[in-house]
Amino acid sequence: MNLNNISVLITGGASGLGAGAAKLFIDKGAKVTIFDRNLELAQTTATELGCAAVQCDVADETSVLAALAEAGKINGTPRILVNCAGIDITGRTATKGGPQPREALTQQIAVNLTGTFNICRLGADAIRELDDLEGEEQGVIVNVASIAGLDGPFGQTAYAATKAAVIGMTLPMARDLSAYGIRVVTIAPGVFNTPLAASVLRGEPDDYAGGVPFPKRAGKPAEFASIAVEICQNPMLNGEVIRLDGALRG
Amino acid sequence: MNVEGQVALITGGASGLGAGAARILSQAGAKCALLDRNLPLATELAEELGGMAVECDVSDGPAVEAAIAQVVEKLGAPRIVLNAAGIDIAVRTASAKGPHPLDEFERVIRVNLTGTFNVARVAAYGMIGLDALDDDGERGVVINIASVVAQDGPVGQAAYAASKAGVQGMTLPMARDLAPYGIRVMTIAPGMFETPLAAGIPQDWIDSIIPTVPFPKRWGNPLEFGALVQQICENTMLNGEMIRIDGAIRMGT
Amino acid sequence: MEINQQIAIVTGGASGLGADTVRALAAKGAKVAVLDLNFELAKAIAEEVGGLAVQVDVADGDSVESALATVKAELGTARIVMNVAGIGIGRKITNKKGPHPLDSFLKVVNVNLTGTFDVCRLASTEMIALDPLNEDGERGVFVNVASIFGYDGPVGNTAYAASKAGVIGMTLPMARDLAPYGIRVMTICPGVFDTPLAKAETGQEGFDRLIATVPFPKRGGNPQDFAKLACHIVENTMMNGECIRIDGAMRMGLMI
């Protein structure tokens, strides 16, 4: 899909991977709206990049409906949905100290899985209602999983479960939406230089890049953005999960 | 890595996916060396793109070394290697007609798997001697072609699937082997693309398979494959991974 | 681990794959707790094998805690836990009727994914307190049930595939988390099995169409086939952190 003048929605767009993606989509001529729970940060980022910001809690259906309506008013109904909003709660399944709290999973499901699903179902439904674009394509969904969903690292059972679930719904969603000319592709990033990674790792992501074969550093949000844009531009990419990790295996 | 000004070595570059990638990379400013068994066809495209053509059987060790030496001499040392040479056959492991001929199996393995490895090892060795391009220490990228057949395993494709799964399987160890030198290794697994290789597929099978592509419900264009090749060259974080490009096709049973 | 004399929990044990797993474990000498939403059916199976029936809604945290407490009080701490309870739903993510409802998505995820996690985290905490059984230091084993849908992602199954892919995805990190305590975690991914859940989902005609795509054996899986594999996993200590497909080589393409 040619990105010029296309309305693009990026959740978690105030920082990290989402903000990196927003910058490149704007460079390509897209009309970008970023969603974030943190409105203040979203507005700062939006002002800096030159796009729109809307407050949204992806886990909350009412909030998503309102935010989608507002995004539609500002930039038109989004044809590209980039789901970057996510949280990471670490902890072992059980230790001598007791089981991991149930909420470790339910909270992450609410944001990472249900939040992604929620934007996809409502966003795709809105694309379906739009007048057809010329050409074969009507929309693209880019979801963000994690290599944790494939490699299953220690202390990440709950996070891995939610990210594996995002990976697992990529193909059925692509099949469901194929009749409407909407593609679905998931990116599974490794260690990236983002606030989320910094908070989980309790330090600079680059310090944890020793296990990355090459390049031996944390990824840059601009590199995530580059593959996200390629996915949107390349119509044959569909139903696939792409690792972006410098060959790191957890 | 910025593609502009780089030398790209493309096996099977005279036609199909290799040719599609050659067009895209040339457009982006790369000098393309097309290695192919079909020299006249390779020469024709090389002249059009301002690159060079070399006759080469990828499964032949000394031939590959000689071909790469020619490329280095004429265009410079390749930092981009695309292993697009491949062959396909359709034979069942055993049927009432008899067992799958062993030499046919070996031929497919020799070209698709050994040939890919052969070019990768010689070209990567050449890259090790080059200066790093940037702060990351990047020296080059090797891109292999597997196939969705490696994962989906359709009937009659034991040899082809084995050879392509072999390519998939060596992607990660090769990426790890070459990481200290700043050389990345990636693999692309195409689905149904409009190529001369696909022209050998029986029409009734094609008629039954294209409707099972969810979207877009058509053949892939080699230029779309080429666009992904360019993205892989340009995105340094992509390493050790296989990417399906197939319109979400999964070959069911 | 030898099954004889062990205490085993099977969620969703009252019917389908779970019921035959209960029978197989009991036949090998285990004392089995049959946990199910349907208490009447659970009682019937429990009586048949001389086990214990406990009602549970795996999606409800309090219900899981009290059910596990009941098993502990009546039989003792289980070393074998099989998470077979699951539900399915067929619905495209959007169609002319509108988007996939959120509540049905959540229901599937809550039962299949959160329910499995909940049973694992609570039961494994109890297992940690047990003495190891053998020189390997083995204390217990979990057998979770995912589905080939978690890999093959058929149309109209986003919720179910997401929940089952989640179970697949947590197999390895859970196995790693629990390995220091000698507790294994394995997952079975059944293909099309002849169970009430499958038939309710597809109807007889849809079921037959699916079966036609199974290379060999060309039939619905028999719950005993599943139970055999589940028991083998318990008995084979080297099996850990892996997801096994049991599907007659079936791969789901786009059904057209």
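The first chain written gets the first letter, and so on, giving A, B and C; residue counts start at 1 in each chain.
The definition used in the following text is that a residue touches a chain if its C-beta (ideal position, glycine included) is under 8 Å from a C-beta of that chain, and two chains touch if they have at least 3 such contacts.
The structure presented is a predicted model; accordingly, all values stated were derived computationally and were not measured.
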- Message: Please identify the chain with the largest separation between its CA centroid and the CA centroid of subunit B.
- Response: C
- Average the C-alpha coordinates of each chain, average all protein C-alpha coordinates together, and give the chain whose average is closest to the overall one. A
- Identify the chain pair with more contacting C-beta pairs: B-C or A-C. A-C
- Item | Whole-Å gap separating subunit A and subunit C, where each centre is the average of the chain's CA atoms | 30
- Query: Approximately how many whole Å separate the CA-defined centres of subunit B and subunit C?
  - Reply: 42
- Query: Do you know which subunit C residues sit against two or more other chains?
  - Reply: 152-153, 254
- In subunit B, which residues are in touch with two or more of the other chains? 214, 248-250
- Item | Multi-partner residues of subunit A (at least 2 other chains) | 171, 174-175, 177-178, 239
- subunit B-facing residues of subunit A, complex: 136-137, 171, 174-175, 177-179, 181-184, 190, 213-217, 219-220, 223-224, 226-227, 230, 233-240, 242-249
- Where on subunit B is subunit A touching in the complex? 136-138, 172, 175-176, 178-180, 182-185, 191, 214-218, 220-221, 224-225, 227-228, 231, 234-241, 243-250
- For the subunit B and subunit C complex, residues of the former touching the latter: 152-153, 211-214, 248-253
- Message: Show me the residue ranges of subunit A that touch subunit C in the complex, using the header's touch definition.
- Response: 61, 92-96, 98-100, 102, 105-106, 109, 113-114, 117-118, 120-122, 124-125, 128, 148-158, 160-178, 180, 239
- Interface residues, subunit C side, partner subunit A - complex: 61, 92-94, 98-100, 102, 105-106, 109, 113-114, 117-118, 120-122, 124-125, 128, 149-159, 161-178, 181, 241, 254
